[in-house]
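Note that subunit A is present in both complexes that follow, paired respectively with subunit B and with subunit C.
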Partner chain A sequence: MFLPCLFTALVVFVVVSPASTFAAMADDPLQSPQWTDIRDRYLGADKVVFDPRVAVSGPKIAEDSMNVPVSVKISGLVDVRRVLVVADLNPIVKVLEFSSKGALPSLHFRMKLQQGSPVRAMAQTGDGVWHVGGIWIDASGGGCTAPSVGRSAAGWTETLGQVQSRVWQNETQSRVKLNIMHPMDTGLAPGIPAFYIERLSLQDAAGREWMTLDTFEPVSENPVFSFDFSGPPPAGLTLVGRDNNGNRINARVVK
Partner chain B sequence: MSAALLRNLAGSAFLALFLGVGFYVPQVRAGSLDYQLAPRLVAEDTWVLIGKREDFSRSNGGNIVNTAFVVTTDGVVVIDSGPSRLYAEQMRSAIARITPKPVIRVFNTHHHPDHFLGNQVFADVSTTALAETIAGQRREGGAFADNVYRLSGDWIKGTEPVAARDPVGPGTLLIGDHRFELIALSGHTEGDLVIRDLGTGVLFAGDLVFHNRAPTTPHASISQWLAALDRLDAITYRTMVPGHGEPVSDGRAVEQTRRYLRWIESALLQAAERGEEMSEVLGLELPKEFAEIPLAREEFARSVAHLYRGYEATTLRHRR
Partner chain C sequence: MNHKFQEVDLMKRTLTSVLVASAMITLAAAPATAAVTDKDIENDAKSTGDVLSWGLGTQGQRYSPLAKVNTKTIKDLVPVWSFSFGGEKQRGQESQPVIHNGKMFVTGSYSRMFALDAKSGKKLWQYEHRLPDGIMPCCDVVNRGAALYDNLVIFATLDAQLVALDQDTGKVVWKEKIDEYSAGYSATAAPIIAKGMVLTGVSGGEFGVLGRVEARDAKTGKMIWVRPTVEGHMGTKDGKDNGISGTTNATWPGDLWKTGGAATWLGGTYDPETGLAYFGTGNPAPWNSALRPGDNLYSCSTVAIDVTTGKIVWHFQGTPNDGWDYDGVNEFITYKSKDGKHLGGKADRNGFFYVLDAKTGKFQRGFPFVKKITWATGLDAETGRPKFDPANRPGDPAKSADGKKGTSVFSAPSFLGGKNQMPMAYSPDTGYFYVPANEWGMEIWNEPVSYKKGAAYLGAGFTIKTLDPKEIGGDYIGAMRAIDPATGKIVWEVKNNAPLWGGVLTTKGGLVFWGTPEGFLKAADAKTGKEVWSFQTGSGVVAPPISWEQDGEQYIGVASGWGGAVPLWGGDVAKKVNYLNQGGSMWVFKLHKSGK
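Moving on, here comes the complex of A and B:
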């Protein structure tokens, strides 16, 4: 009685789960228990490849789990439409999503880590394929459930949304670094609702977008972003954005 | 003997070995919670317990720090109480093997956990530190104890953070037949107490000085730290006991710490001025003179997390 039932269940399971799911779990270079869930949730049934051209870099161990520096650099991969960054084991998995619309397909930022976790960049090319790269970052924890530091300082509301910036340029490339004043509350610290920047866009003087970002709670407080351009940066760059409470960000990038 | 019996014997020998190991391992674990503290005489009446040049781990139990004690005619003066209750208990036993005199005073050179988490074992005597140190112990002691427990496990069991009770400022203090000069500095932390024994010429430098062990910077102000090292250069001593690493009789440990701090300051500032990102700075090459120092790579990565945002902020501009 038991054996046939078990057998049937197995068969059903195999039929329901696409074979590629098993392949993906086995292939995950980071061997994360969450990988198949993340894949199902964010990438659906799309084709997925682990691709070293999607390079994620950061510390082996997060000394400051509120500010873990991460760089995503994509090279040699053409027609990248959008890039999702996730941390498998964070209570809020999705960190940000960006689309380079003229800027190089790379992004540098700092994030919160609640515990050691894979941090992945998943880049979708025009053919619909997701190219996934990532690293494992260890952390002692608390990055997501601790209140933001600036909350305890008086006057943080006065600097809310202020932007500092700088442009660097060499013969081949340029970089725009931005620092935006914002508490980026996750909503996981007791008594403090989620309060975070959710949209940023770098626009030139003519209003053309060069980079767009959807950001989520795990992005660090007073976030710092760097964007890279091939050649000089577009003229008259402005950072435009908003947070989830409707506060606007609008700042000319200072060279 | 039949082959079957041989197989049986071999089988039971294997089983016995297996069980034996099973029995033996917990005993080794229990017995290994011995810091094996071996006080070393560095001057008259003056003993130092030299820690390993490592980070907190489950094998070293946090014995990564130098502590010391001075036997005066009135009693024993302890300088830093170590990383745990167990350490301080074993330290008191080690002291008792050397002198019947009671411990009468404990100094904490600063508020880092490896220097004061043994305080609870000295509840019967005056525990003394700079006011900034006491504030730091109260503010961060709980988080420190949790963190040290996470890194070193069983060794830390039962350790409660107890802040020093008695604040002290700069000046001289006569204890028994030893006169101590207390020098209040900062830079490694907000309060770094340096203690000089005017009779023996021993200078207890705390963590303002690291010797062949990469300096740590979680609460550092590099400019204040460099100024503090200049102050130390102006002080005469016969023996200097650094917070970590071997004692020295000359300025080489101060010089090594100074060169490292100057390098890290200029390397991080230059990287920030080049527009580098933190994740890129982590890959910076260490100069050869520091690359071989234990924990240089690990501490550099930690220092990037502690310090880089400060240097970076000076490179960004605001426009309304």
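Moving on, here comes the complex of A and C:
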């Protein structure tokens, strides 16, 4: 779990050398020193375009580095297969990955920021092309290396995996907001092992998946996710998931 | 947020939520390497390229048939690599590693697991279990090792859970809760595998837990049977009642059996030839024996359980109505005697060594393996039952003048035992058991107590004392002893200043290996006890060594890291151990080859 930290430290030197990386960095609208590394690491040799249809929104300055609200909304882009969310300058870069399998291709969540950083969404369409959008969010820092609040509360095992929900609906769309009790420890605070939800899936009564998420350490403690649906939420919607210790989450969203 | 939604449901709904402990978690990854089978495990004692079980074979003999490292070559035994467990977590390292397919799996303190390349020590992955703050391990945050089955490596955690990880990735494949850590349950022993099942016990004997043995499907974690080790409790198999253990109230008065202890905290052994799993059981709760007249079955015993039926076939109780915390958890190691009998040996915490028939549990003989025993004057020659010295039983507090403290007595061995958790070894070559023994005593007295969930349930006060050097032949506590189970004779011994707390390995190469709290891994000639080699590991050794072969070379490995129960409970013993520093590392050795 310390690997991403080392890795980010090392690539600072790598970025400076090859001439081609200057061009690539110049392409990046966010002018991030990490961009070429992130592209090579997560997108490989696939074609990449910076695309305003992949919209990331969040605060200019994070008030609370451990709970930074971020929205990803993709509109006008068809056949989106999966979406990666990364924070370039976090010690653990990858925040989450999601696939809308029936839910709208948008996601609203809270995350930790160790310092001011670009936060990007990278959406891959069926033709293999990655469409990248992002913003800079400034932060006073420390969100990843501080112990979770739950660490100091003795009763965290009693609430672990509990889920609360809220549902909103208008004529055309609905939103399901879920709050999952979990310490989401990054493993970067001394003496506290990494402990985080790694897989979530929204399933309907028939077992069909509407949204899947792979989540990582930078997602905030007691994570909050909002999912959007065209029309009302599917009947019998259930959140199923697990953390990296094998603890399971299984909660029915009651309409 | 950007979207405009009409709020139709203002109620914040609390959903049913949950940690489903029972369902299997499916992972896409298929085993990339040869899976460990029941046959591999049954053959573990003979196979040299792997170490699949705690005990180097489920019988627990800790005998390696490798002989490249022997009394002649051992002078060239040198370190190959050392690996640090790291973190802020340097506590007792009591783990025996297991080896499969060139990978070593070793557990560390605080429920951690490390996968290492066995030849180079390169780290492959690491799993750290998230522990609640409220865990209640009685005797340091140790773990004694893992079991291998299929593509899984399975270990128990301090918050009483059982975790199965993928050997290649370290990802959790299944996880089961053994019991509530908040009620005092924990788990530190290495699981063993028998007929596709993973067998485990429970820790928490100081908190009035219910001792038991559980068998789960090793591939999925699904419970198969549960066998309580306290009389009166119902066992189960496939979710149905499977008969009560013993006869309710036959050896326990009133309701005390309900919180009777008899924790199976050191795990067990399994002999495929008898089909029996042998689990030792801890002290009855509370410590104050005046509260529970009777034998208090099956505390301080070895129980033999038919792994197919989940029922107790026989039991042997070393300390009936225990009043000294003489847990009978010590490993029962089966072997073939020189005259062809199928027997088992056990060096009990109470200071006696017992030889029993492996199939029937019939007492063959018993004898002291420590030099001072005060609580009993000997054993009944027929049954092995101790002849108690009534004057040496701590007094009933109810009979004292103020009702608050019973008569204090000086007893030996101390409650940490003639032998504790450190497993002994048996060599079919010499026919000797190699027993890491300790000579010490204690002042012990009883106090009134009542059971409260999650609180210590002792009802006793105690302090450990060293013994008079004149009585035991020198100023020492630890003694590595070669014991002939046929005669009861101590053939040789190597004394040690501090108490021995690590286990033993013996080999075809005619060697016995063990570690000391002073940090030395030592080797002696198995026949004579002559010390032939030692190496300073940098911290105290409280773990059993192993040996395996890879690419034609024999390796010896041991975890190093001082801790365990001695520094916590040591009393008067502190002067022999309080200068020792903590650590946390894995050491591996092989024979030096000169450059070409």
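Assume the second predicted complex is superposed on the first by the 231 of 255 C-alpha atoms of A that agree within 3 Å, B and C clash if a C-alpha of one lies under 4 Å from a C-alpha of the other, contacts with A are read in each partner's own complex, and residues count from 1 in each chain.
Methods note: a residue touches a chain if its C-beta (ideal position, glycine included) is under 8 Å from a C-beta of that chain, and two chains touch if they have at least 3 such contacts.
Everything quoted here is computed from the prediction, not taken from an experiment.
Novice: So, A:43: does it touch subunit B (first), subunit C (second), both, or neither?
Specialist: A:43 contacts neither subunit B nor subunit C.
Novice: Which holds for A:195: it touches subunit B only (first), subunit C only (second), both, or neither?
Specialist: Only subunit C; A:195 stays clear of subunit B.
Novice: For A:254, using the defined touch cut-off, is the partner it touches subunit B, subunit C, both, or neither? Pick first, second, both or neither.
Specialist: After superposition on chain A, A:254 lies in contact with both partners, subunit B and subunit C.
Novice: State whether subunit B or subunit C is in contact with more residues of subunit A in the superposed arrangement.
Specialist: Ranking subunit B and subunit C by residues of subunit A touched puts C first.
Novice: Mind working out whether A:59 is in touch with subunit B, subunit C, both or neither, as first, second, both or neither?
Specialist: The first partner, subunit B, only.
Novice: I'd like to know which partner A:224 touches here: subunit B for first, subunit C for second, both or neither.
Specialist: A:224 contacts subunit B only, not subunit C.
Novice: Is A:129 touching anything from subunit B or subunit C once the two structures are fitted on A? First, second, both or neither.
Specialist: Neither partner.
Novice: Check whether A:161 is in contact with subunit B, with subunit C, with both or with neither, and answer first, second, both or neither.
Specialist: The second partner, subunit C, only.
Novice: Who does A:67 touch here: subunit B (first), subunit C (second), both, or neither?
Specialist: The answer is first: A:67 touches subunit B but not subunit C.
Novice: What is the contact status of A:89 with respect to subunit B (first) and subunit C (second): first, second, both, or neither?
Specialist: Touch status of A:89: no partner.
Novice: Considering only the contact definition stated at the top, list the common interface residues of subunit A for subunit B and subunit C.
Specialist: Shared contact residues on subunit A: 57, 71, 108, 162-166, 168, 175, 226, 251-252, 254.
Novice: Please give the residue numbers of subunit A that touch subunit B in the complex, ascending.
Specialist: 57-64, 67, 69-71, 108, 110, 140, 162-166, 168, 175, 177, 179, 224, 226, 251-252, 254
Novice: Can you name the residues of subunit A that touch subunit C in the complex?
Specialist: Touch residues, subunit A against subunit C: 1, 57, 71, 73, 108, 154, 156-157, 160-170, 173-175, 183, 185, 187, 190-191, 193-195, 226, 228, 239, 242, 244-255.
Novice: In the complex formed with subunit A, which residues of subunit B make contact?
Specialist: 147, 150, 274-275, 277-280, 282-283, 301-302, 304-306, 309, 312-313, 315-319
Novice: Taking the touch rule as given, give the residues of subunit C at its contact with subunit A in the complex, in rising order.
Specialist: 1-9, 12-21, 23, 25, 87-89, 112, 126, 128-130, 132-134, 159, 163, 171-175, 181-182
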